[in-house]
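Right after this note come the structures.
In what comes next, chain A is part of two complexes: it sits with chain B in the first one and with chain C in the second one.
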Partner chain A sequence: MNFARRTAQASSDLLLPQLTALMAYHRQACPAYARVLEATGHPRTRRYQQLAELPWLPVRLFKEHALVSTAADPVTTLTSSGTTGAGASRIALDREAAERQRHMLIATLVNLVGPQRLPLLIIDAPSAVRQQRATIRGATVLGVMNIGRDPVFALDEDLEVNAVAIDHFLQRHAGSDFLIFGFTFLVWSRFYSYVRSRAADLSHAVLLHTGGWKKLADQAVTAEVFRGGFREHTGLTRCHNFYGMVEQGGTIHVESASGDGLYCPDHADVIIRDPLTWQEAAIGTLGVIEVLSTTPRAHPGHILLTEDLGMLLGVDDGEWPGKRFAVAGRLPKAEPRGCSDTLAQGVVS
Partner chain B sequence: MSLAIRLRNVFNTVLELDGKTTDADLRYQETPGWDSLGAVLLISAMEDEFHVQIGTNQALQIDTFDAAVKLLRGLGVQDQTPCP
Partner chain C sequence: MIRTLFPLVGNVPAEAIVARLAGSNGHPLQLADPRMLDFLGDVGQRLCLPARARLYPELGALGVWLRKRHLEATIQRLEDITGVLRFARGLVFHVAPGNADTVFVYSWVLAALAGNHNIVRISTRGGDTLQAILAVLQEALAQADPIVAATQSIVSYDHTDLASTAVFSLACDLRVLWGGDAAINDIRQAPLQPAARDVVFPNRSSFATINTAGWLSAPPARQKQAVEAFHTDAYLFGQAACASPGTLFWVGDVAATRTAQAHFTDLLRHTVSARGPQADAAMVIQKQVATYGLAVENIAREITVVCNEITTVQLAAPPRLPRRWLGTGVFVHWRLDRLQDLLPLLKRQDQTLTWFGFEYAELDAFARQLAGKGIDRIVPLGHALDFSPIWDGYDLLREFTRLVTINPPQTAENQHDSQRH
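And now, the complex of A and B:
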């Protein structure tokens, strides 16, 4: 599948008017956001020529303040899965915003895997969707379930391998395409060890995984080791990491099958900024990741400066058109709060 | 049995409906239980009951009972005639 379809310039040309209009919408709908814009040199009258000129909010704001752009009753408040709660973002969603996120996530995944719902093996416990739906972990599992059929959970409630479930799933779907989804740390620490020991054939699988790499990096498991291990021992070649965050739900940046970087979906973009000058960092230079998305409607999360370090790897020169980038980890002072970091701590300690 | 009755049985089971709600009142995000998880479970149950495959985008269009009936008819599901 050709996941990213536009060149970087075409994408930017398309997104600039949409994001400018969205800024105006949030300025109207969220007085606190309007005050931030006024105070940072972005009055109503200002015009923009490039995405990089648009004002961003630091994601940390959503941990400290309730920024809301909807008068409707929130249907849910999504939190990042921080264990303490102190460092968690709380994002209010009304029904329309929640549906919009769901549709954007599904459209992105359909671009990647096609319109047919394939059998789905979820590397998580069944309670991930039943009890954790208000966390980004549960919401992500549930979101991915929309593109799968006959979902099977590969782990038990203690997050240990459910060998019977996995074996039965692989037998049942042997020889035809199927999906595997899970958080990166669980996929590696639970599922990979098991399928490797069983010499399972995953050559028909598409693996989607997400979440931080911190715990794996501590074990010297890099993206290359991860992909190479699956390829060599299970025959799995279609492996896609994706990057997203609760403050911009429904927007995920997806790694190409060849692993040459993360690519933005149709409705989003990314800018890497030099932390000293805040100018756009050159290709190959480490900086702070800014994410832009036309999805957020119930909170002003459309342009965010993340607490993640990253690097632009290239522009219109990879497997797909558009920018390709890599995430290099958290900013040194940032608290860990991502799904897999939290899971990792919970599981390992 | 008519398609609508079989489908309603699927809805009743998956969404744990009491049967008092009319078919016309069943709506995604309004009927209790028919939330994003309910929607995923409902699609799977419909596939099992009617032996059809529903695509991702088709599934997204099912937001009322009537929409589900129309989709199933579009996929070739017919009312079952009783055996003589």
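And now, the complex of A and C:
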């Protein structure tokens, strides 16, 4: 499958009118967003030639303010507790926006694994969707469940391996294509050691995993070690890391099977910004990741400056057409320094 | 366990520190005790050494403040009243702020000058500046009279160690609390002796005011100097000290103020590019989150990123002043027709007003109209962070001492007086 199908320029040409239209929509639907645009020099009359000129919102704004572009009753409010702040983003999601997210995620994954619904092994506990529907973890699991069938949870409620469930699943499905989904840390620390000990055959598997590498980096597990381990000991070659955030639900940037970088789905783009000039950073230069997506409808999350560091690895020169990039870590949070301390923890900590 | 930082006596329980400072000795510490003055003066000299002061600019200022002659002058401000004797309160327990490394020194030094025994709890989060201060204190202690080590203790312990806070609180005659409102409320859960009390320094906000006409008529050299002074006020503590200016009030007409603001900001841009500090990506994003938040709340009407180090904000009318930290280098502007128009905008929690281009008489009249309902200090640009023994409305040397009166033998006349009352 060719996950990304357009060159970077073609993709950008397509997205510019869609995103400026979306800006106009949110400007009218969300007065708070309109005020930010007016205050920062983006009046209604301003025109844009390039994606990089479009105004972003810093993603942490959603942790501090409820920005809503819908009058409909939200079906849910998604929360994420990022590591940069005590607060969690509260993202309103009405029925239409939720449906749109689901549709975009399915379209993205269909490009990756094809239109047939594959059996799905989830490297998580059943409670991830039962009790945590409104968290990024629960929402992501639910999203992926939409593209699979016959889902089986590989972990028990204590996040330990459920050997019976895994063995039974592999007996039934390992002979033809199937999906494995989970968070990177759980996939490695729980699932990998189990399937390795069993010498399981995962050569028909497509592994989708997401979430930070920090815990694994502490154990000296890099992306190469991760991919190499699965390839060597289970025959799994279709291993795809992906990058996304609750503030832009339905949009995931997926790594190619060869591991030559993360690629944007059809409806999204990334811009790596130089942290001094805030212009687009050159290929191979570390910068701050801006994400652009036509998905968000119920909140103005279509152009966001993240607090993640990343690097553009190349343009139209990899396994698929388009930009390829890597995520390299997270910016620290700026702390006040002074005698009136505003940290929740208090001054005497 | 309590980690002792000065004098260094290892890790000990809170009770041991209290017992040590309570131990009597032959010559108890006096108000303006020469042994303490010698020690503090020596510390001041060491802090002023060029190598050190270059590395930590705020230490140079502290060193100047600690010069022996300056300390003597400070203590002499306490007036002599016939029949009134002044003594130390006893044991003072100071809780220093978590992230302003030099503030604890001022509070401690004044209490020690007043003849008190002191326990100073400083944060475990202290930075390089703090380490440098502790090193200097240690150096000076070697030359000092043993009374210094016997009566003073600087310690550090985790803020969750409520038991130690309780021991120090119950032992002290006066507790001095610096810090955030929440932290102060937490510590206040620990009871004091019935006769003891708290001196508190909670969250404060500070501003600057510039007379537009005064600015425009000032010679260029004076303007440059003023902006450099403002740069010190704003950036020395990352605009996060309680005295760091957040909002600038311009007093003048619309057109002239617009010109003056643009000129001021341009000079500030040059100053910060020459002197720093440079803002990193996290700080730039912090400022975006904070200022965009002001637009979301309809507090800001215009946000201009001048450079990574400077963001200016024009307030929407009617003005609501942002009193929280927005990031290092966010300058909120509001124009007034007259200085008096500032009165209704101020609150009790407002501390320092730095100024430029006004006559002293205008400021004096303004302060009288304010009548203590907000703003504790009015100082020229560049002096926001100067420590004064009168702070947050307290005259600290008076807070740190107690009075004993001796009436003269009664004459027939004043006996009549006292009977009448």
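Please note the rule applied: the second predicted complex is superposed on the first by the 327 of 349 C-alpha atoms of A that agree within 3 Å, B and C clash if a C-alpha of one lies under 4 Å from a C-alpha of the other, contacts with A are read in each partner's own complex, and residues count from 1 in each chain.
Here is the rule we use: a contact is a pair of C-beta atoms (placed from the backbone, for glycine too) under 8 Å apart; a residue touches a chain by one contact, two chains touch by 3 or more.
The shown structure was predicted, so the numbers you read here are calculated from the model rather than taken from an experiment.
Of the two partner chains, chain C is the only one that A:L67 touches; chain B does not reach it. Look at A:L331: by the touch rule set out above, it reaches chain C but stays clear of chain B. A simple residue count on chain A separates chain B from chain C, and the partner touching more is C. Contacts of A:L313 after superposition on the shared chain: neither chain B nor chain C is touched. By the touch criterion defined above, A:H103 reaches chain B but does not reach chain C.
In the superposition on chain A, A:N146 makes contact with chain B only, not with chain C.
After overlaying the two complexes on the shared chain, residue contacts for A:A39 are found with chain C alone; chain B is out of touch. Look at A:L276: by the touch rule set out above, it reaches chain C but stays clear of chain B. In the three-chain superposition model, chain A touches chain B and chain C at no common residue. Chain A contributes residues 75, 95, 98-99, 102-103, 106, 109-110, 115-117, 129-130, 133, 142, 145-147, 149-151 to its touches with chain B in the complex. Across the complex, chain A is touched by residues 29, 36-37, 39-40, 43-44, 47, 53-57, 59-60 of chain B.
On chain A, the positions that touch chain C within their shared complex are 32, 35-36, 38-41, 57-58, 60-61, 64-65, 67, 275-276, 278, 288, 305, 307, 331-349. Only residues 95, 97-100, 103, 121, 123-125, 159, 178-180, 182-183, 186-187, 201-205, 237-244, 280-286, 288-289, 292-293, 295-298, 300-304, 308, 324-325, 327-328 of chain C touch chain A when the two sit together in their complex.
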